Structures are given as structure tokens and as C-alpha cells.
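Labels run A, B, C and D following the written order; every chain starts at residue 1.
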């Protein structure tokens, strides 16, 4: 019921905001989005206090929290139902979504100055879809929400974006949709090779795990082919090298609040889906393919970081570094260890908060300077001290400063993958290589900060630079506090993540 | 036990002062300085209390806070380890920090600097982090605070962010140390993965060991062959000693970065862009000591690996000499001190590598005192000189600022290693340990020790020279500029800390007058006793961090032995004599060159060597080249690749599709006759195909 | 419940026919009437009645009791679930189209004729849905075609409209000749035209005849010449392909849809296509059972033929659509592409005929959903034409600001056509996908996936123009025509509602297909 | 009795002639005539096999076909008329304003 309430309230709010006059749309949207935010925080609290030790939603359906199932559609012999519920993996992501949406909406007050009601309406519509993605436990329902995210995102980038917004929007849209279709094909090749009659995720997990006698195509087991197709589909969303090129374009052109959502939550859809589908349902295959997958992850880490080094646009820097950060997640997932997989999940949250924070910081700077180019400005610390202070803190968080969430996530991943059984002798080598990302990330962020924030004040554009408004800085502060809180006490979410990860580790060969 | 109950407050007090200074500093008198002074003063008192308790034979090792308890097989904790080593270090850090806070009143407040809340906040955060590092009872916690002090260093070096130099120096400092920390992090992860724990010392409960420490586990693995539980060895396919050596060397990466050892020393001279009290606190006395402290903290682990010891000794000896030579030609007072700092930490590394655990800690202690003194003295001079740091513009300050002069002189004598000042005792012990272990140890390790010893010995001469070159240029002769003729006076808040440190620099060497003790047989080597503990039972038995344990390991596992080529006493005296002689020689050479009323530069006589030294052996150049000449162009090429090839494929697929579409639509020619033709053709083709298949014809 | 007479089963078709006659009557009473409201009212009433009857019969379970449904006229016409399902599609599309035409034809003469022709054509479609014999099917098909030729060329002064009409007519004439010849060959081979008779002939391998309404073997048991039958079936495929705008008989479609008045384009691309498919479904499922055909040997494997056609149609339609410059023509090509999707209904069948009911029900479901979303999209074009917005993509720039509701509806249509889960199109496409995988038809599945991906690209170009681009020239929209708006918004609402409500559609379609 | 195959050949020939006419002739009217030929080919089949099979189905259907062909021509002529009005020609290849 709770999930349905979240979805309905947000959906109603979406309609309301669409119909509201532009002038009030921002405030109204913030108020509307506060409802699911508070609701999900309450649910989180309930979960934390009452559901401790519950299992994985896919592997032990009896333990699902806030579950609800209503039959919906019958397609041939396939039963589709409205089936939602949460576990320790989706719960933190749900809160991340709702909280980040609210903050992103507040941070949009300043930069969004036209067609506000449509903008905020789309933001809320996206929130509905995102809530759905993280709570749906039926494949169809999930896919409806999964694709439902694309449309508002496409329009948000396309309408309110920068100069090359049309190219970026269509690229994002088509690229990710193609990926979804490929994933879809891979998944259903498998569904129809088993005797599935229900598309609920737990049923799928059960069926795939016990599937036997699958056909082989060109000597390769269908399970492997499906795994690769699905991995491809989700990897685009993550994104993973070499499927990442839509991301920098989308980030650069998107208005800042949208970038916040894109980096903060949308990328996590990819890793969340990887975790749920490839690494839970097809755990055996994932273990077999662990080494190549880990290599992909490590290459993403280094490649993304190196590219970030070559950028001048602050947003592009953060965009490429997101690729780098998500590479860690892949590495953690393939480790199949408590710290590896749990850390990967934790890193989703941590990176969601920190990258959101980084983009917001860049946005606040852009609002007043109207440029994001390193080299077009310097010495901003002189004019907007608090913003810059938070920017510095965020950047260090991004670099993995201890006692901030990013360090916890990355450390867990490294710890988990360093002696991962799935990777064998390659484990320490790959992990060490991936760790080099923390040096490069320090390189480009420190460089960018030195050039833009410090030194004598100078600005190439003709705008008056003044300290940011309270409602611009407040979301930054909130995010920073969350980042620090999770860094100091990772168990706030790591504990529930572990509860839901450990069943995953118990399945599959060699565990 | 009460002292240990309050011990967390040692760390927390400065942290509170950080918050207070940052958020309320601009509404407080002195911009938050008072909060910092109160907090560090409080910490100092508590540290003394802790030290006294430890002196009573009690130690403390306890988990305070579980960072993450979620994975039952490997929980990550924060805990306190209070043993003689950490208690000593607490004292040093609290004391210097307290004095630096007071000094800052003169250096920052009186000079009318803006941004004081930020400054004192940074100092508070630094002190808290440093203390957190010192009391850490496991490697992960140590690493975390190790990183945090790096952040504070960054923030404080870049304090004057409106200029171009400091932000750049701050970036460099963080980046270079981060490079070292990269290896450290691998080491931390590796140690946790290998041993399942990062504890420095075993946790006990009612006399029973409830959690073993990783140095002990490593010892069991190597000495007793208990390798069953260590899955990591199978993964990497190495023997225990080889793998532990790798881990030790990885951790050493962080040490080399933080303690500014070759080749990661380049950041420290640049870090002098920060305010001078910061240089005194962070870049001389405490943070840079973190690396050395870490090696000492996990000495039981390094003592198991002769290779690691050799590397440490060699890095130390080489750095000591290498940095000292660069200090010879510097013109700015803080630059000289910076290279001297690098060089002195080289000595400590040399001591640790060559089995001189006591010597290293001793030198760490004395160095903290006299180098802080020198930096603060330099700060005093800089105030007087209106922030002109060039020694060639100074001269003759002796008479105009006597307190500064005499305390600075005490510090210089200590640095140069002149008897009986603090530096003499500690440096002598470092060299002595290297020497006897060099002679006593068999094989390559002994040779390495002797080579490192030779370099360390040579550096003694240079140390004496550059130290007194600095003293003579700054304080003696005639004033060479107007500001030197009429320097700005300094107040009590500058003189006070200088005096305290001056007295300490003169006297602190007495805590471990090992030559005297050996000669007279009097038990006055207090530090030795302090770190050794009781021979039987007591805290060393509980924690396994006692000197005795380390010596056993060195002897049994690393096969480090003592040898006295000239007999025990003679060797001792000869060693002391040689190093004192060389130091004096250095002082005298400096005197002969620069003591005149109007000294001139002699560096030109060095010829090509001068250029080399002035450019610091082109260390900066090659490291900058690595960053901007190799990495950055590589990144640009990769960017081109990304835009051109990876993205090109994506756009290519779309172009090909669209091109295909534009071809396909051409079929639709608009002429209805053609449609009929194509339609017929299609039908005929189908007819033919199915006809053949069905055998209709 | 009152027991209705059997002939009432044809009520959906009859109400359409009646309405057209009333219109003709009205026209003959007042030949120059411009009382568009009245004419539209009559038409809407008729088509709504038709839709209502169809819906009522479906829910009342007509044709559910036994597999034959209500058989009329000596089994020449069978009203079963399948027929009713398509009658419902025809009724709904016709309703939307005539409603939208209210504004569209207001400025044209011959309004009554327009509506009458639409309804006559719709009557033909309704009848075609129930046709159970090649003879009735052919007649019904011509009843669909002939008025539609005239409708396409309705704008007599407009070159495009006339050209479209000409091409449509010429290709149509050739196709119907091909179809007729095919039917004659089937008759030659089997001796019967009734579907069940043909099926019996194929399964028994002997020529049949019909005596007193029941099928029996001809005296002397002459064998069915499989080669002639095969050629006949192939030609019937051709005739069907024309009506459904499938390759290689699709050439008329882009031009006809582009040149015709937009409501007629909607009508043709949705309802007429559905009518073509119902003929195909019924004929191939009932008259030419694939299992028996293959067992007999030497005959045509029409499943393979449909697979080839489906893949070719999907690719040609979508790839050509991707590079169009005008919105209407893009939609026209996309309509061709969708014909390819629906052809999966006859292509995703295993050699023994398994999976046919699943794939057919998938095709039917898609046609129903498509009926709303595609009609809606074309009606939006009608709206744009009504406003004098140009034909090209650029001309749609910034339309979202001026007409947000209509543009939002159009967005729903387009994304639903692309298969995004914003409307029923997602499920219907998935249903088709499921059908392909059900029989492991990988190539069909791949074609479906690739083309869906591509289609998103060109559909989103319209969305981009409407919402993202800034308007280029000055354009003022003065009026918001009631009829068009009602139709467009109504279609959009139904399209969205078909997402949660798809279950009902798929269930009915599946039952209907199973009953055959 | 002439065997049925002969009629089949005849009808096929007529069908092909019609088809050939469609492919080669540009005049809309001749196009239309060609279509009529093709339809009549079907009629020949229907009538011939009606006799062969001994039932009337084919004959009845051929009547339908003729009627429909007539209707088709009526519509066709109308369209050709407006074609001539708009393009001042009855050449079917002239009307190419829409293509690709």
C-alpha cells in the first residue's frame, strides 16, 4: 500500500503541477515532491527498525517489505501483475530518488525561467517512474517504469537544455532505448526457453536459477547469450566503456537539476538492474564471466578518469568521472563477496549523492557566471565563499575522502574485490589497477578547482557574481550532510544492503 | 583507567574547535583562535594525563566505534591504541599544536589577516585528524585520518587562495601524497584481505586474546608456518614472506609520500607557500612525521621482511643526503628548512630500516621540537621582515630580535647535531644503529646498511653547513635591507612559544643519552625504557609493540645483527666523534664563508652543480613532465579517440541507418507504372521461389 | 435477456449500412446541404451504434458458445468473436474519423457523399470481418475499396489528392485482379469457396462440393492439384498484402496516405488495414490450415511467405520512414512498418501450425491498439492541416506551446507507436514479440526489435519539433475545432488506458483466435 | 470435352497479357482495360471449373466479379477524369508530385 500511495500521490502531484501557473510551479512541485520524500524516509525508518535481517526480494519473496501484488494482465500463458515491494537494496535507492528529486526541484528554482509548470511536471513524472523502477517486482511493471523514465528525461534535456540539446536528447533517447530493446530481447529469449508463467522477478529468479537443458546457439549456451545481451542493455545505462558516449553529451546539455537526476539516480537504474537481473537471476553465468566483466569495469574506471582529465567543461569533467565511478560498481558486483557486492550497492547511493552534489555545485556557479569552462573564470572563492566551500568538500568527497560516503563505497568495493574468489589470481591486480582511479580523479578535480575557484578573481563573461541565494545553497548543504553522515556511519544503509546481498552470495556455483 | 576513558576527548576537542571556529569564528574575538587554544590546551593536558597513566604501566587498546558491522567476517572499526609510542606522539602533537595556535595570534591575528575562522578551523581539524591518526588502533582508521590530514594540509597550504602560488602548491601537495596513498590503500586493502584484520596490537579481554593483530598473524605465518587461514597467499601464489614484503612496501608508498621521501618529496618545499605556523605544525613537526610514525606503529610487520627494511634504510639514507645537498643553495629561509625537514625524515627512515627503532622515535621527537622551533623562529623573522623570506635581504637581526636569535640558535645547534643539543643525541643514535647493524648483518642487507650509513654520515656535514649558512645570513653581519634595519617587533605570543621550544630543543636530548648511559652504566636512557617496557609481562606482552619484541624479530627473522668493528665502547665513541666532527666541520665551513659582516654568494663556485642544485636535480621538472607532458597529452589523445572512434561508431550506426533509409525510400519513384512493375516482380519472385520449393513446375 | 434473431448478429455492419443510407437519403432530400452537424451526427450515431453492438456482443459472449459463432446465409457469413473484435475496431476508428471530419469537411462540398462513402466502406470492413467464404470476402473487400478510392481523391482540386487516388486505384485494381485470379485458382483446385470447404479439401486431399450447405467430397474423389492451389494461395496473399499495405503491394500506401484528406488517411491506415488483416487471419487460419497444407506436400508454405513479407515490410517501412521530410508521409511509411509487425500474426507459427492462436491474437491486439494510436496520429495531422500548419517537420516547430493538449496527445500516440510503455502499443508490440519467441522465430524477433529501435528515432523527431524546437515563423492558431479535438483527445485517452487495460483486449483476442 | 488444363492455360495467358499491358501502357484507360482483362482471366477459370466441378459456385462468383469490375471502372473513369482535369493528361506516369 505504501508504495502505491507514493506512486499515486506523486502522479496526482504531477497532474497538479502541469496545470498550475508557471509562477507557482516550482514551489508547488517542491511541496508535492516533499510528500514522497518524507514518506519514503519514514518507510526507510520503519524498515531500519522493523525489517532488520530480511532477505532479498528476488530470492525470498516472503521477506519483501511493503509488498503488494494485484493481478493485471494475461498474455497468452504469461501472468503479469502489479507487484511492488522493497528490500535492503531498493529501499536506500528509493530514498535517494525521492530526496534527490526534491533537492533537484529546489535547485531548479533559479535556473529554470520558462515553461516552469511543464518542467516541474516532467520532473515529478520522472520521479514517479523512478520510484516504480526501484520498487517494481514484476518485470512488466518494472519495464513500464524503466521506459517511462526516458520520456521526461528526453524532453527535459531537449527543451531546457543547452545549445546542442537536440542532438544530446535524441542521442540519449535512442541509444538507451536501443539498449533497452536489446536487453529485452535477451531476457525474453530466456523467459521463453523456460516454463515461466509469471513475470514476477522472484519467479524469474527461481526459474533461471533452476533452468536446465537450455538450447545452445553456435555452441554458446543461451544463458550466456542472454546474459551478454542483458549486460549490454544495462551497461548502456550505467554507462560502461565503450557504451558511454551518450552520457557526456546528455550531461553537458541538460539543465543542472536534470543532470543531478541523471547522474544521481538514472545511472543507478543501470547498476540496480544489473544487480537484480544479471547478478542475481543469472548469478552462475555472472560468476563464469567475472574476469572479463571486471576488466570492463576497470577499463571504465581508468578510461573515464583519463577522459575527465582532458575536459575543460566542469560538467563534462563530472560526467566522465561518473563513468569512472560506475566502473567501480561493476568491479564490486562481479566480486560476489559481501564487501564487493554490498559496496557496489552502497557506492550507488554514495555516488548518487556526491555526483548530485557536484552537479548542483557546478549549477550554482553556472547560474551566476553563465559559464562552466575552466579557464573562463578564476578566484570564485573570493565572491561566493560558502558555495565554493561546499564545492571543495564535494570534490574531496568525490576523490574518496574518508568519512565521506564515497570513500566508504570505494573502500568496500576494493576490500571485496581484492581477494574475490570469482576473479582468482587476477583479483588483486585488477583491484589495484582500478584503485589508480583515485589518483586520477584527484588530479582533474584539484586542477579544475585550482583554476576556477582559487587565484585572483576573473570572469570572462559579463555577469555580476554574487553569493548564491539561500535556496540554492541549502540543497547543497543537505546533500553534503547526507554524504558525511553515510561516510561516518555507513551502516545506516550498508547494514540493510548486506541483509539483502547475502542471499545473492549464497546462490550460484562455488559459493 | 580514567585517563583512557577521557582519551577520545583528546581527538574530539580540536574537532569541536574546528566547528566552532568555522561557523562562529567571525563572531568571536581573535577569529576563533581562542577556541583552538582552549581545545589544544585541553588535549595537551589530557595527553599528559594519558602519558602519566601509561608511564604507570597501563596501556589501552579498545574498539570505540564500529564503522561497519554488517559483514560479520570482517568488521571495520575505530579504536584507541594507547601505548608508550602513541602517548609520546600525542604529547608531541598536542604540544606543538598548542604552541602553534598561540604563535598564530602573532603571525596571523596581529598581521591583520582575513579568513581567520577558516584558518583556525583548518588548524583544529588538522589537530583532530592528526591525533586521530596517532591513536588509531588499526590500519584502516590510520589510513582514514592519514587522508584527512592530507585534506587539512591542502586547505592550509592554500590558505592564501587569492594568490596563484598557494593553490598550486596545495594541489601539488595533495596530488603527490595521493600518489603515495594509492599504494598505501592497496596495502591496507591487501592487509585486510590477507589477515582479516588491521589491528596494530592484539585486543585482549581478561588476559585472553580476542582479536589478533596483523603483525602477530604475519609473524605466526612466517615463524610458525601458520598459513592455513590465509587464502590470499594462494590467490597471489607467493610465499608468506614475499607477499608480506609486497604489502609492507605498498604501505611504504604512503609513508614515502607523506614523509616526503625521495622520490615523492617534491611537494614539501612548495608547501612552504602556506602560512609559516602551518609549516611548523604540519610540514615539519607532525603530519610529515605521520609516515615515520606509521612504520614505527607497525614495526612488528616490517621487522619480518629484510627486503622491506633494506628499502626503507636505503630510501632514508639517500633522502637524507639528497635533500641536504639541495638545501645548500637555497636563498629563502623556509626553503632551507623545508629541505632540511626532508633530510631529517630521511634519518628517521634510515633508523627504522636499519633496526634502530628507538633511534627513529627519538629523532622524531627531537626533530619535532627543534624543527617546529626553527619554523616558528623563521616565522618570527618573516613577521619582522614584512613577509620577505629571502635571506640575502636579511642580516644583523641578532641584535634587534634577541629572543628569536637565541632560540633559533638553539634550534640550529640541535639540527646541526652539536653536542649537547637535542639533535646530537638522536642523530648520533641513528647513525650508530645503522653502523653497528651494517657491520653485524650478513649479506646484502648489511651492505645496504653501510651504504645508507655512509650517505647519512655525509649528510651530517651538509646539515651543519646549510644550517649555519642560514643562521649567519639571517642574524649575523650587517643588515642588507631597510626592513632588516628596522624590523617589525614581535610580541609575547611569538616569543613565548619560541622560548618554550628553545628550552626543549636544548634539553630534550637528555631523555635518551645512550652514549652516556652506555659509558657510565647509569640508567638514563629513559626513552629506551619507555618504549621497551618491563622485560617480562606488562604491556609489551599484551600488545607486542615493545622494543624487545621487535629486536627479537629483527634478529630471528630479518637476521639483523649487531657488530662492533672496534669493540663496543670504542665504536660508540668513534661513531659519535665522527658525526660530531663532521657537523662541526660543516658549521665551520659555513662560518668561514658567510660569517663576515657582508657575506657574498659562493654558489657560483659550484659551477654546473649549482644549476643542478638550484633546480633540485630536476625532480620537479620530471614530475611535472609526467603530469603535463605525458599524462595530459595521453588524456587528450584518448579524448580524441573517444570523440572520434567510440562516439564515431555510435554516430556512424545512425548515419548508416539513415543512409539506408534514404536509399530505400528511392524505391518509391512516384511513377505508378514502376510500382506495378515492382509489384509484379515481387509476386513473380515469390511464385518462382515457392514454385521451386513446392515442385510445381 | 431477450433472444435476438440471428440476423441481428450483423447489427454492427447493418447499423453502418443504415447510417450510410440515411445519409444518402438526406443528400437526396437536400443535395446541397451544408448542415455538417446533422451529417456528422448521423454518421457518428451509426458508427457508435456499430461499435456499441460489437462491444455488447463481445461482452454478451456471442460466438463464445461454440466455435462456429453465428452462421448466416448458409455459412457464407460467420459472426464470431474474431468478427466482432474487428467490427469493434472498425466501429471505433470510424467513430473517431467521422467525428474528426466534422471540422475537416466543413469547408468542402459533397459532405453527405463524403460521410456516406466512409460509412459504406466501413460497412464493407464490418462485413469482411464476418466473411466466411472467398466470394463474400471478395465482394466485401471491393465494398471497402471502391468508396475508399473515391474518398482518397475527394479533394478534386488538389493535385496530391487526385494523384493519390489514381495510384491507389490503379494498384488496387491490379491487386483485386490478382486476388480474383487467385480465388479462381483456389476454386479450380478445391471446387469450393467457403473457408471450411477449402479446409476440408486440403485436409482430405480431395475436391469438395457443397450440397445443402454442408461440405462433402465430390463424386469420384478427384485429387486437389496442389500446384494450382499453391499459386492461388500466393495470389490471395498478394491481394491481402495490398489491403494491408504490405511489401511488395505497399507502393500505393505512402502516396495515398499522404495525398488523401487526413481523416481518410487515418481511416485507411487503421480500419482498412485491419479489414485486410481480418481477411488474412480468417482465410489462412480457417481455409488454409498450415499443418494440413504441409502434410499434403507440394503445396505452399504460406508461413514462410508471411515471414519474408513481414521482415521486408518492417524494414522497408521503417527505414523509409526514418528519412522522410514530411510528417504525414513519415506516418504513412510507419503505417507500412506496422503492417509488417501485424504480419507476425501469421508468420510466427511453427511448421505444425502451433502458436497460431497466440500470434494471431497478438496481431489482433496490436491492430486494436494501433486503431486508436495511429488514427489519433493522423487526426492530429488533420488538425495541423486544419490550422494551416505546413507538412514538414520544421513546420511543427514549437507547436507544443500553442496547442499543448493536442501535442501531448500526439506525443502519447507517437511514443505508443514506438512501443514505449506510455500506451497500449507497448504491450501489443510485446505480445507480438512474445509470439515470435514462442516459436523461436529469432529473425522475426530481431527485425521487430531493430525496427522498434529505429522507429523511436523518427517518431521522436515529431516530438522534438513540437516541444523542443522554437517556432520558426509566426503562426497563430485561432480556433480549436471541437470535433477534431474530441477525437484526438479521446483516442489519446483510450491509448493510455489500454496500457493498464490491455488485459481485456488480449484476453478477448486470444479467445477469438483460439476459437478459429 | 476440352480438358480443364486448356482453360487454365488460356486464362493464364489472358492474365499475363493484362499484366503486360499494365506494365507497358501509360494511358490510364488502357491500364484500366488491362485490369479488366486480368479480371476476365479469373472469370474464365471460374466458369470453366464450375463446369468441371459440376457446381454453380464458380458461375455465380463470376457474375459478382463482372459486376464489381463494372463498378470499379465507374470509379476508375471518375478518377481518370479528375486526373485529366488536374494534370491535363491521362498518362499515369505524369502524376508524380509525391514520391520517395
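Side notes on the structure shown:
Heads up, the rule we're going with is that a residue touches a chain if its C-beta (ideal position, glycine included) is under 8 Å from a C-beta of that chain, and two chains touch if they have at least 3 such contacts.
None of these values were measured; they are calculated from a predicted model.
More contacting C-beta pairs link the chains of A-B than the other of the two pairs A-B and B-C. The innermost chain, defined by the distance from its C-alpha mean to the mean of all protein C-alpha atoms, is A.
Distance from the subunit A centre to the subunit B centre is 37 Å, each centre being the mean of its Cα atoms. Distance between subunit B and subunit C, defined via averaged C-alpha coordinates, is recorded as 79 Å. Centroid to centroid, with C-alpha atoms defining each point, subunit A and subunit C lie 43 Å apart. One finds 25 Å separating the Cα centroids of subunit C and subunit D. Residue positions 166-167, 170, 174, 178, 254-255, 320, 324, 457 of subunit C each touch two or more of the other chains. Of all residues in subunit B, those that touch two or more other chains are 654, 665, 668, 670, 672, 676.
Chain contacts: subunit D has residues 19, 22, 92, 95-100 touching two or more partner chains. Remark: the chains found to touch one another pair up as A-B, A-C, B-C, B-D, C-D.
Residue ranges of subunit B in contact with subunit D, taken from their complex: 665-666, 668-673, 676-677, 680. Every residue of subunit C that touches subunit D in the complex is listed here, in rising order: 134-135, 138-139, 142, 146, 149-150, 153, 156-160, 162-167, 169-170, 173-174, 176-178, 180-181, 183-185, 187-188, 191-193, 207, 209-210, 218-219, 228, 254-255, 258-259, 320, 324, 329. Contact residues on subunit C toward subunit B in their complex (touch as defined above): 166-167, 170-171, 174-175, 178, 226-227, 230-231, 234-235, 237-238, 247-249, 251-252, 254-255, 298-301, 304-305, 308, 315-316, 319-324, 333, 454, 457.
Looking at the complex, you find that subunit C touches subunit A at residues 358, 361, 401, 404, 411, 415, 420-422, 426-427, 430-431, 433-435, 437-438, 440, 445-446, 449, 452-453, 456-457, 460-461, 463-464, 467-469, 499-500, 502-503, 506-507, 510. Against subunit C, the residues of subunit B that register as touching in their complex are 654, 657-658, 660-662, 664-665, 667-668, 670, 672, 675-676, 678-679, 681-683, 686-687, 690-691, 693-697.
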